[in-house]
Structure formats: C-alpha cells, structure tokens
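Same chain, two partners: subunit A is paired with subunit B first, then with subunit C.
Coming up: the complex of A and B.
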C-alpha cells in the first residue's frame, strides 16, 4: 500500500494535476474567506459561512484529484499491470484514496495561511475567532472530503475517460446536495409520512450533517456516518476490481 | 480470521449474484450500525460542544437549580414544530432568533432530570393548542410553552414564549447573548409560585418607563428584569386622583338607583375598601357594563369631586422603582412613599446626574443620611466614561446584601455617575404607633481608588456609587433584638441611572443584572434564581482592520501561496521533461 501511496503522491507532484488542484483551491478559498470576513463592510472573523461555501467548492475541486485515479490507469492499460502485480486490490484502492486525502489535507493546511488577519486584527473587546469551532469545522471538512474522494475514486473506477469521471462525480455530488434540498420542499413539511421521508433523507444526506459542525456541534454520530460512507465506497471500488480481476 | 479469508476468497463470493447479496448485506450492516450509533448518540448525548460559551450544554448550576425548584413537579417544555426543524433553526437574521439552542438546552436538561420532558406538537392540533388559550396566544410554530404540573394535583401552570425571550439584546436591538438557562429557570420559578409580587414604576416625573425601539414600545431593560424575575410590572402616578372601588359603586348606585355588586357587576375585587383604580379604569368599567344605556342616564362626567387623592399605595405593592426622574416629587408623593416604607417593601431609585430633585434628595437624607452629589464627573484611571465599581469587600453589611451572589467575573459598571455620601450611624426614633425605628445606611458599590474627577483623585468620601438604607420598625420594647411578628423591615436604595444603562451592555449586562437581582432578593425576599448563572455571551467577531489593510491581505492571500506553488510546480515539471 505504501508503494502505491508513494507512487500516487509522486504523480501528483510530477504532473500538473496536484498543482492545479492546490492553486485553484487556494485561490478560491482565499477569495471566499476574504469576502466573507475582512472585506465585509463590517469586518468579522466569523468563519461559519466560509466553511459552508468551501464545502460546495470541494464538490467541484475534489473530482480534479480523483478523476484520473483509475480511469487514467484504464486508458493507458496500466490497470492490467496493477491487477497482475502482487498487490492486494484493497491496498491499491486504499493507497490511491490516502494519497488524494493527503493532497486535500495539504490544501486545508495551506489555506490556514489566509486566517492570519482574523487573529491579527481582533477589535478591542472582541473575542476573536472561535478556535475550537474552526478546528471542528476543519475536521468536519476533512470527513466530508473523505466521502467525496471515496465517491470520486469509485466513479473513476467505472470509466476510462477521466473528464467523464470528473463530470459524473460532480454531478453525483450535486445530486446528493439536491437530495438534501428535497427535505425542505413544502410537501415534505409537517408530521406523519412526510416526517418519516424527511428524516430518512436527512439521515442519508452528507450535507445536512455538516450544518451542525458549522454551528459548533461536533456530532459523534456524524463522524461515524462519514467514516461509514467513505468505507462503503472504498469497499465498492475494491469489490468492483476484485470481480473484474477474476472475470 | 482464516475462515473469513477463505470465505472472501471463494470465487462465488468474489463476483456474481452472491457478490451482489454480499454487498447488500455489508451495506445493510453499515446502515444498521449507523442507525444504532445515531440513536445511542442522541440518547447518551455523544457530542462535543465546540462553542466557547458552551451553548449546547446545560450547566451544572442550571441543572441543580431546576432540580431543586421542580422537586415535586413535572415540567414539560413544548415545541410546535418537528424536532429536526427546531434543532436546525439557527436563524439570527434581522433580529429573528432561532430555537436550536433553546431546544438543545431543553433536551440536555430532560436527559439529566427525570421529571423534565420535551415534547413536540403540531401547531394545527387545535385541541391541544386550546389548553394554552389563557396563558398567551400561540400564534406560531416558533412559540415555546413551559408547562408545570404540580404533583399535589393542582391544575397545570404554563407560560407561552417567543424565541426572543431566551436571548439578550443590546440597546440597539442587536443580539449579543443566549440567556436560555436563566429564562427557563425564571419561568420555572414563576410557575412554581402562586403569588405574583408587584413592582410599580413611578410615572409623571419624566421617568423612563417604556423604551421605543424601531417604532415598537417595549419595557426598559430594568422593567424586563423585574418582569422576568416574576414581578408584575406596572406604572403608578403617585399624584393621580383616583377612585376607590367603593366610590365607583356608590356612583353607579346614585345614578341608577340600585345596588351593584363589585364582584359580579364590575368584575373587580370584592375587597372594595382597598382596591384603587384610575379614572380610565372607571370609565372603562362603566362603558363595559353598558352603564349609561341600561340606566337611561346621561353620559357620566368625571369631576374632581368624585375623585380623591391616593392615600396609600396599592395593597399588592412589593417594591417601587423611581427610574431616572427629571422633575421633582411633590411633598404628598414623598409622604406616600414614606407611608409605604413604614410597613414593609423596598424603594429603588436610579438617578440621572442631570436632574435636580431637592425634594426627593431631602427625603433620602432622612433615610440614613444619603446625600446625592450630582455631576460628580468620576472617571476611571484610563479616563473612560464607563465607571467600574466594586462591592466593598471590607464591609460585612455590603457583603450581606450580596450573600447569594457567588461570583462576579468583572466589576459592575455604570455611566454618568452620581456620588453619594452616607451617614452610617444609626438613626433612631420613636414612632407614634409605638414602634422604634432604626435606620442603617450601607455603601453597596464603590468607585475604585484610582478614580478621577475633574482632574484629581476622588476622595474616599465621594466614592460611593450605590447605597441602601435598611429601616427596622421594632415594637418599643427594649428586650427586642430581632424582628418579630408585627414588626417591619423596609429598604431604600439609591444609585445612578448609569447603572441600569449598562444592563444592555455586552460586557457588563450579566454582572449588573446579578447585582440588581441580588438586591431584589435581599430587599423583597423574592428569590429570582441562582445568581451564579451567566448569560452566554456570543463570540464577538469584530475586526479592527482598515479597508486598505484588508485589501493588502486579500491580495497577499490570493497570490503569494498560489505563485509559490505554481513556480515550484512549473520548475519540477520542466526539469522532468528536459531530463
């Protein structure tokens, strides 16, 4: 697994993919952070809106990382080589997942640079940014990012075209976002059956659980949920290739 | 493990229909596992409260106080929306506040105390809603009802609230703190007591009685403080000519030529000798009872001869508040106040340093020699116009007034100080009624020793910012050394109105509120709540950054790292290609 992880990491930094992801992500998140905090008419260090917008941004940017993980291998036929090598399929999938996650964490770490003015310009009498809440939101963002990466890798395993992989991943994540929106439709308001449907949708929704983190509520149930969703998609990818290898 | 490995390596498991079933089983197991975790997380409160103010956690002090008050009762906190909608309701736009924190406080409390529960009902459930018809109108799914059922079998008591009840706002109406714990406890205390103490705010001297914010009339923060502590808050014009109930009934009888029952015909208290009502109320009663029509008489004209001066304050008065009068009191008004205090109760005066009130100040001097010095111009050492005061730690008497005040994180603050000088000697005298009266003045709040006034340090005698006189009316018996039956204690407190100005200040609202609550408890005996409970002041996120600095940082954060990463990437890729 370490060999796969190293190979993937090396590939991110020897091709344009990793740099493009980091640059686009950093520019867009710095822009969002500045516009929602220091560039406001009444400058504020409240970052709750920032994390919610970054989550939406990641729906578009994380597929850049995952799009070529398997589709590129398929296109260049190196997947045959991988499947016949003495590497377990799980290690293969998990190594790719971990490398994409590492890139995402590197981006998160670099994006903290933009937080400096929020701590440096605290007004007299103001309490400044809520550090615990920022840390909680970052953990939540990494958890949601894990889900997105796992989904992206799974979709990448289904297609040879990496752009198709990226587009389908973005579309899938948007559908997941829309599912969350369905629960707020008027016909699903009220009690009884509508409540049951709404509860199920909210339970399944990746996004509805993120809201609580934004307001400082770190839910252990949500933590398990995000780990489970990531696990399921890694498992599905592994089963898919396992079946393919043996067929 | 070997068995599992063998099982998963079998070809049938690895692909085909069996694989599909295997996948479904694994995913189902994960979903079931998640469902169990979700249920357990909710039941056992598995979450981390990441807010600095612990907004999602019911504090131990709050839980203990609620436990004590509701020992022999069931308390139900009722919401009128679905649980998921309420717990996600964090709205705080345009003065509208959400119910998420209130819901979390309530559910956390219900988890910790068996006799407290949270329930959810539909706003469309008319049968259920109707039971709260008398407690206040439920008009929105954002209302909250607190219902207390005493185990003795008495009818349930309840109150209806809007979400804003659970929050604290500053003078400009901006939200600054979550106050749900204090509010739930206050509601609980109100519902647990059968009597409603009444506080009257004096009117007609330019006092601040209502405030108008964005066109809406609301109580002053001081009035709201009393109301939330369980008091009925009413204005009173001490100089107003009044009817007694007896006069009204007699008047009705004179005109109609028949007898009226005060209880049945006018819906007023049977104790007609004591009940006092205003002219407007008289008119209202006469019109309401179709008095003119049924008697065939001409419209009733209220003349001075039908009215009489107020001889005493309403019987239910527990305290009188004189809040920022600008016009002096008449002698007969002072007599009324003196007469009120000759029995029991408390008068609390908050004085504006711009008002000159010789009659009122003269009365204060007869009460423990409290002398008011207007326009003292006290400033603290940093020349701030906000004056910090502290409760004298060297005065046992002062400490006694604040005995239930466990902690003050910061000093109480006030603006526009008046200073007071007090004569701490006993003032003793004999009343005609056979009582001895003893009055003791005590300094309650003191400016710090580094306070300046007009360029020089304030002398120690001019540093008193709040004072109180305790008056004990003892039966003229030399053996008495404590208050017994038929003997009375009353209080007169004097302070700067600048103290109540700070009740809506983010940094001092909590501590100033605690001081007043403690005094209410000490002077009226009305226990409001454990003064150890705090407002949960929201993080203040204000930044002190100029547009130029903001633009500079904006450009730096947008360019520096991306350029470094881009240049590094280009170098590596070009080098690789050249190789």
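Coming up: the complex of A and C.
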C-alpha cells in the first residue's frame, strides 16, 4: 500500500494534475474568501458563504485528483502490473484514496493562510471571525471531500477515459446536491409514503449533514455517516475489480 | 511446477478457453504457440490471477491460484502482451516502484542494478521510459517481471514488434534466464519456440492440439520437406522435369522472375534426398540451379498437419 501511495503522490507532481488542482483551488478559494468577506461593501468576517462556495468548487476540482486514478491504469494497461502483483486489491484502492486525500488536505492546509487577513484586519468594534465555525467548517469540508474522493475513485474504475471519469464524477456530485433540495419540496412534506421517501432522500444527501459542523458543533452522527459513505465506495471499487476478473 | 487443469473461460457466450490442461515441470521452458485469438493471453492472464476462469483450476508449486492468490502472485513474474509501463517515470523509478510493490526482501539497489545489467538497460536507467525505443521498453518490461527472482516467469509475446537484432538478443536473454527459472513463453512465431523452448504446447480456438518436446514436433514437421529453388531455363519444361523426379509431390512456380531464371517451390515426400537427383536431371538439360533454400513450415501448415494427425489418431 505504501508503494502505491508514494507512486500516486509522485505522479500527482510529474503529470501536473497535482499542481493544477492546488493552484486552481488556492487561487479560486482565496479569491472567494476575499470577495465574500473583506471586499464586501460592508466588510464582514462571516465565513459561512465562503465555505458553501468552496464546497461547490470542490465538486468540480476534486475530480481532477481522482479522474486518472484507475482509468489511466486501465488505458495504459498498467492495471495488469498492479493486479498481478502480490498486493490486495483493497490496498491498491485504499492507497489511491489516501494519496488523493493527502493532496486535498495539503490544499486545506495551504488555504488556511488566506484567513490571516481576516484576523489581522478586524474592524473596530466588530467581533472578528468565529474560530469555532471556521474549524467546524474545515472538518466538515474534509469529511465531505473524502466522500467526493471515494466516489471519484469508484467512477474512475468504471471507465478507461479519464475525461469521462471526471465529467461523470462532477455530474454525480451535482445530482447529490440536487437531492438535498428535493426533500424540501412541498409534495414530500406529508406523512406515510412521502415521509419514507423524504427519509431515504435525506439519508442519501451528503450535503445536509454539513450544517451542524457549519455552526461549529461536532456532529458524531455525521462523522460516522461520512466515514461510511467513503468506506462504501472504496468497498464498491474493490468489489468491482474482483467481479471484473470473472466477467 | 505449474498445473493447469481443464480450464474453461467464457467471454459472454464465446468460449475463449475450452478445457485447457497442461503441466510445466520445474526448470522447463515451454513455448505456448497459437494464432492470434487462440487463447494464449487468456490462459496467461488466468495463471497470473488477472482473470478468473469460468471453471477449472491452476496451481503453481502446489498452491491453488484462486484460494491463495497472493502467495501464487509472489511466485510469478509476468510480462503482459503490452508491457505495463508508467511512461512518465524514469527506468529506475519504475523498477524501484515495482520492487516496492512486490515487497521484495533483497537489497534494493544491488538487486535492481544486477537486473539492469542482466537485461542490458544500465545505460538508460536515468531516462524517461516514454523516450525509449520499443526494444528498450520491452527490456524494461522483462526487467520488471524478473524483479524479486520469481521461480516462474511468464512472457506474453516478448518479441512482438522488435527488429531482428533485438529479437536475437531477447532470445539469448530468455535462454540465460531458463537456467534458474521455469518459463512459459507465448508466441505465434514457430521458429521462435523452436529456437528457445524445450517443449511446445500448441493451442487453437481454445483447445490444446499438441503438447510435445520441441525435437519431436520438428520430426513431425520434417515429414513434408519443401525447398525453394531458382533455376535458369524455360519455366514450363523445368517444371515438368521436376515433377518426374522420384517422390516429388508438388511443384509450384513462385512467380518471381529474374532474367531467364524462375523460382520454384518443390515439395517431396519421404527420406530420400532429392537434391542430387534434381541436380543431375537439370545438368543433363543444361539448366543451371542458381539458388536453393529450405522453406520453413508456416504456422498454418503446422495447424493443418496437427489437426490431420489428431483426426487420424481419433479414427484409430
């Protein structure tokens, strides 16, 4: 697993996808941060809009990290090397997952620098940024990002074409975003069947669990939820490759 | 060392393998011969654990491939049809990744240097794989297969797309590896297995149609001798004269004409050497022989022969 992890990390920086992800993410998110806070006509230090926008940005940018994952191995037939080596398929999938997660966490760590001005220039009489909220949001962002990565890796295992893999991943994530809105539609507000549908949709909705963290609370249920969603997609990827040997 | 038992593999409704069985002894170098699409790669992919069979079993060194895949994978070095190379890495980076991936116990630097020397890629080890020629890429593939000194090595068409000089070098390399390894080598070139292998397993349409020592197979092939001969003289008369020679079965003109000389392909039966008789007959007429060479049997001819032989045995 360490071998595949370090190979992936190296490849992020030899194939430029790592640089592209980091640069685009950092530039766009720091721009968003300044636009939503200190560059407002009435400068504020409220970061909640920032995190909502970054979350949506990540739906488009995280697939850059995962699009190559397995699709490129299939295209170049290097999957034959991986799957005939004495390594468990799970280790291969998990190694790739961890390397993408590492890149994402590097981005999060670097993006923290853009908060400095927020703390440095607190308007006189204002309360300054809410640290608990920022920390909560960052934890939530990492957890949701983890799910995005697991979903992205699963989708990349289905196709040989990395662009198809990226597009399908983005589309899937947007569908998940839309699901979030569906449960609040008026015709689903009744009891009985509507209640069942609403519960299922809420369960599927990755985004709805963001809220507690966003207000600075630590939500154990959501933590377990995000870890299980990531786990399910890693498991599905592993199962897919096991099954594919038979088909 | 390797036991393959009644392997069946279906892709959809099509049988890629239909009851393939053979064994490979320790230290043997076996040629796996067949036309494209005969099931060579499928068989190899199953032995290495990349594919699963529909039914049947494979064991390596007594260990079942499907119940203990990791143990078996540790015993096998595999070079697929298309070498699985990361072209953005240097040769050294790639080999050291494979070393780590296989989790080898050797001293990494010394082991990789030894392998680079063996397959003669030491002078390119700092170069990016994408800038290497096809021959070198193939060698890097071979190097990655023998990292960790696996007792069994499986090569899928190792000389495809190489130039004649590279082919000879790769064959020499295979021969030298054969001293310490059990090797299965697939190819669709008959002369290649004859040059390298102790034993030949012939597969066609998912079925094994021959499994013999190389020497014995050559004997089978030797029964119908053919050669190409270039004779200066009137084509029709020459052809008729050749046909009168004892035990000649068929004379065909090869079409290529050089001045007043024609090429003929002469086929004959039996163990009599007809070349002397042919020389005398032509000398009497004053038609000189300009060139003469044996014609190697083609894979198609081999199949026709093997299938005929099998039919004959079935009839018995």
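To be clear about the criterion, the second predicted complex is superposed on the first by the 237 of 247 C-alpha atoms of A that agree within 3 Å, B and C clash if a C-alpha of one lies under 4 Å from a C-alpha of the other, contacts with A are read in each partner's own complex, and residues count from 1 in each chain.
Operating definition for what follows: contacts are C-beta pairs under 8 Å (C-beta built on N, C-alpha and C of every residue); 3 or more make two chains touch, one makes a residue touch a chain.
Quantities reported herein were computed from a predicted structural model and do not represent experimental measurements.
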{"item": "Combined model on subunit A where subunit B meets subunit C, clash or fit", "value": "fit"}
{"item": "First, second, both or neither for A:246, with subunit B first and subunit C second", "value": "both"}
{"item": "Partner chain(s) touched by A:197 [first = subunit B, second = subunit C, both, neither]", "value": "neither"}
{"item": "Touched partner set for A:4, first subunit B, second subunit C, both or neither", "value": "second"}
{"item": "Angle at subunit A between subunit B and subunit C, C-alpha centres, nearest 10 degrees", "value": "170"}
{"item": "Which superposed partner A:81 touches (first subunit B, second subunit C, both, neither)", "value": "second"}
{"item": "Subunit B versus subunit C as contact partner of A:164, first or second or both or neither", "value": "neither"}
{"item": "First (subunit B), second (subunit C), both or neither touched by A:14", "value": "both"}
{"item": "Contacts of A:121 with subunit B and subunit C, given as first, second, both or neither", "value": "first"}
{"item": "Greater residue coverage of subunit A in the superposed arrangement, subunit B or subunit C", "value": "B"}
{"item": "Subunit B versus subunit C - smallest C-alpha distance in the overlay, whole Å", "value": "6"}
{"item": "Contact residues of subunit A, present in both the subunit B and the subunit C interface", "value": "14-15, 246"}
{"item": "Subunit A-facing residues of subunit C, complex", "value": "45, 48-52, 70-71, 73-74, 76, 78, 80, 82, 84-89, 93, 97-98, 100-103, 144"}
{"item": "Touch list for subunit A against partner subunit B, complex", "value": "13-16, 18-19, 22-23, 26-27, 30-31, 33-34, 37-39, 42-46, 110, 113-114, 116-118, 121-130, 132-133, 135-136, 190-191, 195, 198-199, 202-203, 208, 211, 213, 215-221, 224-225, 228, 231-232, 235-236, 239, 242-243, 246-247"}
{"item": "Subunit A-facing residues of subunit B, complex", "value": "11, 14-16, 19, 22-23, 26-27, 30, 33-34, 37-38, 41-42, 46-52, 55-56, 82, 84, 88, 90, 100, 104, 122, 506-507, 539-545, 549-551, 553-554, 557-558, 560-562, 565-566, 568-569, 572-573, 576"}
{"item": "Residues on subunit A engaged by subunit C in the complex (per definition of touch)", "value": "2-4, 6-7, 10-11, 14-15, 76-88, 245-246"}
